[in-house]
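Common to both upcoming complexes is subunit A, partnered first by subunit B, then by subunit C.
Entry: the complex of A and B
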């Protein structure tokens, strides 16, 4: 299990930020070649990010590169250049099934040419169009490389012709749809970034809302958002304690030859045991136990 | 490879380096300004030269204004400038 609570966006053409990306504590860093880079600097950022991956240390952070949309002249060039230095994953904006299949094919060729393990470069479709949202399930299925999905609410609400609000009522359906499809196919569901850096209270509410719907992590646009995201997504003390008790009781029941048992007067069966195991695993990865 | 036209890459931001490259008739000429000239001037020049060599550029006039760039940035900015300069074999 890879802990992917936070994914921090870093602008791809900023050397100072790139060289600090690995020490900020995010589970993943997204080196951005798309929105954070001016049209006239696309070539420059691509080369800088390639060199950064080749030479810098990112410590425990997973390295993800957001390429330009494949419908632009930059998209496939980004994939071809960046894949050669083997990032952990490539994020594909405004993803469609066709895009994911196209990138998968190029990655297969590059992995073979460079002698990388086949399928080792993962994919992250960015769901930020009405089409993408309605087809998120088949987009994930388009390649075995897909390891998670990022919901991009700014572009999505723009595509839907609706207003994006801080409370986020308008993206309830999108969050539910992405979370459900991701859970069904066993990949991570990463929530859209929260853009008001000064409203901490609303930020916490927003993360909790996403978590309650089934999202597994959240994108960040500023390093100071990371700790808050980790706090909310980490299993709470009560959850850990309950999970430990479930597993202890399970061992006891096994010894007694029981399939189903009760704890605190409530029946415990397979889904609860599985959840307890996941909670413990997450807590261990987060260094909480 | 031959530099066909002047080109530039990079910025004056800290941790970056601004590179201007122009055609030259006889070899590589580098003019470097750096905020860490005493400590790293020689190394920055080396990285510029190594990058040009890797790209098979034999003649070029390079003006570099460094704001504390690490090797990976120096090499990236030189490569970008060379590619923008429209080299030919």
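Entry: the complex of A and C
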């Protein structure tokens, strides 16, 4: 299991920031060729990001590259160039089923040509249109490479013609829809970034809200947001303690030859045991135990 | 001959004389003798107030070849050093040695006096700006002697640095020479660095722009040490003396380094009740304090003292009860000055009490943890904070090698590369602080522990911290930057770096 609690956006045209992308502690870094890069710098950013992946160390951070929308002249060029240096994943903006199938096909060709393991480059559809949201399930199904979905609320609310607010009531449906589809298909559901860097309290509330609906991680637009995201997505002390007790009790029951057992007066069954195992694994990965 | 950090040191250096090479951080500790002090006693009713700086120079009988001293509490706002040298020049006095605890860009006029032969020698603990460049270019007649804060106090007390006249910038002074730094237009707080000068110079002149009726209150440097008092219009520019507030870095790399340094401190086992701590005013160093503050609050830990140059941030921790006391040799900002003025537990200390290795125990000996910076650090953990990548002087020890030696855990925090240069190198350009006194190096790409600290290596093994060897850090740095070409130096020695015990740890050469 690899944690994907935080995904940090880094502009693809800033060498200084790219150099440090891997040391900031984010579970994933998204090297951005799309919104962060001006039209006049699209090709130089592509080369910069390609060379950064080739030469720099990203330590424990997963490398994801957000390419330009495939409907633009840059999109497929980005995919072809970047795939050759084997990022962990490619993020496709305003994704449709057709886009995901199209990128999948190119990746198959490049993996074969370069001798990479087939299917090793993963995909992240970015759900940020009304169409994308309503079809998120089939978009995920469009390729086995899809490993997670990022919800992009700014563009989505724009497409819906509604106002984006700090409290985020307007994206409740979108979050629920993305989270449910992702859970159903066993991929990660990454929540939209929170843009007010100075309002830490509202930021924490926003992450908690996303977590409570079933999102598994959150995008960050500033390295300062990473620790807060990790704190909220980390299993709490009570959760860890409960999980440890479940697993201890399970061992005990096994020794005694019991199939089912109870803890605190409640029956413990397979889903509870699985959840306890996941909690412990997450806690270990987060360095909490 | 080679000294204990492998530096080639001549037996004799012109302008310095016979040289005692560095033998090890604690090889020269033990019985010493303090120097005698000349005192010109006063008759009752004798007036100490003189009309001008010039009159004070004449009354003190300053002659060619003598040594005058200054403190640096007014930092880059200081007017006193320049005013005194102007008068000396106009009086036609030459061949003066300036022993200033630090020299800043504001002291640029000194370059002209060096060129004219008015000033031929300099002692300082830290030099930045045009004077530093002039020395590195070989303009000063005698080699500069770079000391540490504790080492300067030691040299004065033992007579290695004899001061003929000390000119003490006094933010407040009464008519009989009682001085404090907490009141007046140029208030700077603690006057810790001026205390050895006041106690050991043959003559002491207080220069003030806030002359008050006798007696001044509080008194930091008392009338028993002061020969004359001179009133001037301004001793310094408050904007250059203190900053309004000291700020913690927002740079994510600096914050990451600071967080890991705090985790190292926690893992060391030293973060418990009675904890003592010192850090610099730089953004990353201060951020370490911020992380510690959270840890101490969370675990309800009450520290014994924080020390050093003191910032408002440290004062806030003290006011929250995270430290019982502050030892203050120098205030960095207005909040620190205010606290020093108002709170008895915020105590002043002299440079000697702070770091002199040859007194009966200095405060650095009681420090648990010290956070330090570095311009370069080599694979033997030797640190350079004296010269820059171009070989030119750009700083100096200050309290660096004092606190590194005294503290139980000294941690260097730095980015692994700066301005496309690797910070971890094979051999530092100049050794300011010997590697045997540096315990840990924390960079954004890994933490290296001095192999001598086996106990610490064991403790850190049980954490998630990225522990690597310092050679690996050097390799990582060079992967990013390549190996830079070495700076080329002339053979001429333009300075010596004196370790706190008075031995020579390195020499400074003229840049080509």
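Operating definition for what follows: the second predicted complex is superposed on the first by the 289 of 289 C-alpha atoms of A that agree within 3 Å, B and C clash if a C-alpha of one lies under 4 Å from a C-alpha of the other, contacts with A are read in each partner's own complex, and residues count from 1 in each chain.
Operating definition for what follows: a contact is a pair of C-beta atoms (placed from the backbone, for glycine too) under 8 Å apart; a residue touches a chain by one contact, two chains touch by 3 or more.
Here the structure is a predicted model, which means the values were calculated and not measured.
Chemist: Touching A:51 in the superposition: subunit B (first), subunit C (second), both, neither?
Modeler: Once the two structures are laid over each other on A, A:51 reaches subunit B alone.
Chemist: By the touch definition at the top of the document, which applies to A:262: first (subunit B), second (subunit C), both, or neither?
Modeler: neither
Chemist: Contact-wise, after the overlay, does A:25 reach subunit B, subunit C, both or neither (first, second, both, neither)?
Modeler: Only subunit C; A:25 stays clear of subunit B.
Chemist: Tell me the contact category for A:287 with respect to subunit B and subunit C: first, second, both or neither.
Modeler: second
Chemist: With the two complexes superposed on chain A, say which partner A:195 touches: subunit B (first), subunit C (second), both, or neither.
Modeler: neither
Chemist: Regarding the shared-chain residue A:224, is it in contact with subunit B (first), subunit C (second), both, or neither?
Modeler: A:224: touches subunit C, not subunit B.
Chemist: Where on subunit A do the contacts with subunit B and the contacts with subunit C coincide?
Modeler: 19, 56
Chemist: Over in the complex, which subunit A residues touch subunit C? Could you list them?
Modeler: 19-20, 23-25, 56-57, 59, 222-224, 287
Chemist: So in the complex, the part of subunit B that touches subunit A is made up of which residues?
Modeler: Listed in rising order, the residues are 9-10, 13-16, 69-73, 75-77, 79-80, 83-84.
Chemist: What part of subunit A is in contact with subunit B in the complex they form?
Modeler: 14-16, 19, 43-44, 47-48, 50-52, 54-56
Chemist: Okay, in this complex, where on subunit C does subunit A touch?
Modeler: The touching residues are 250, 252-253, 255-256, 444-445, 464, 476, 479-480.
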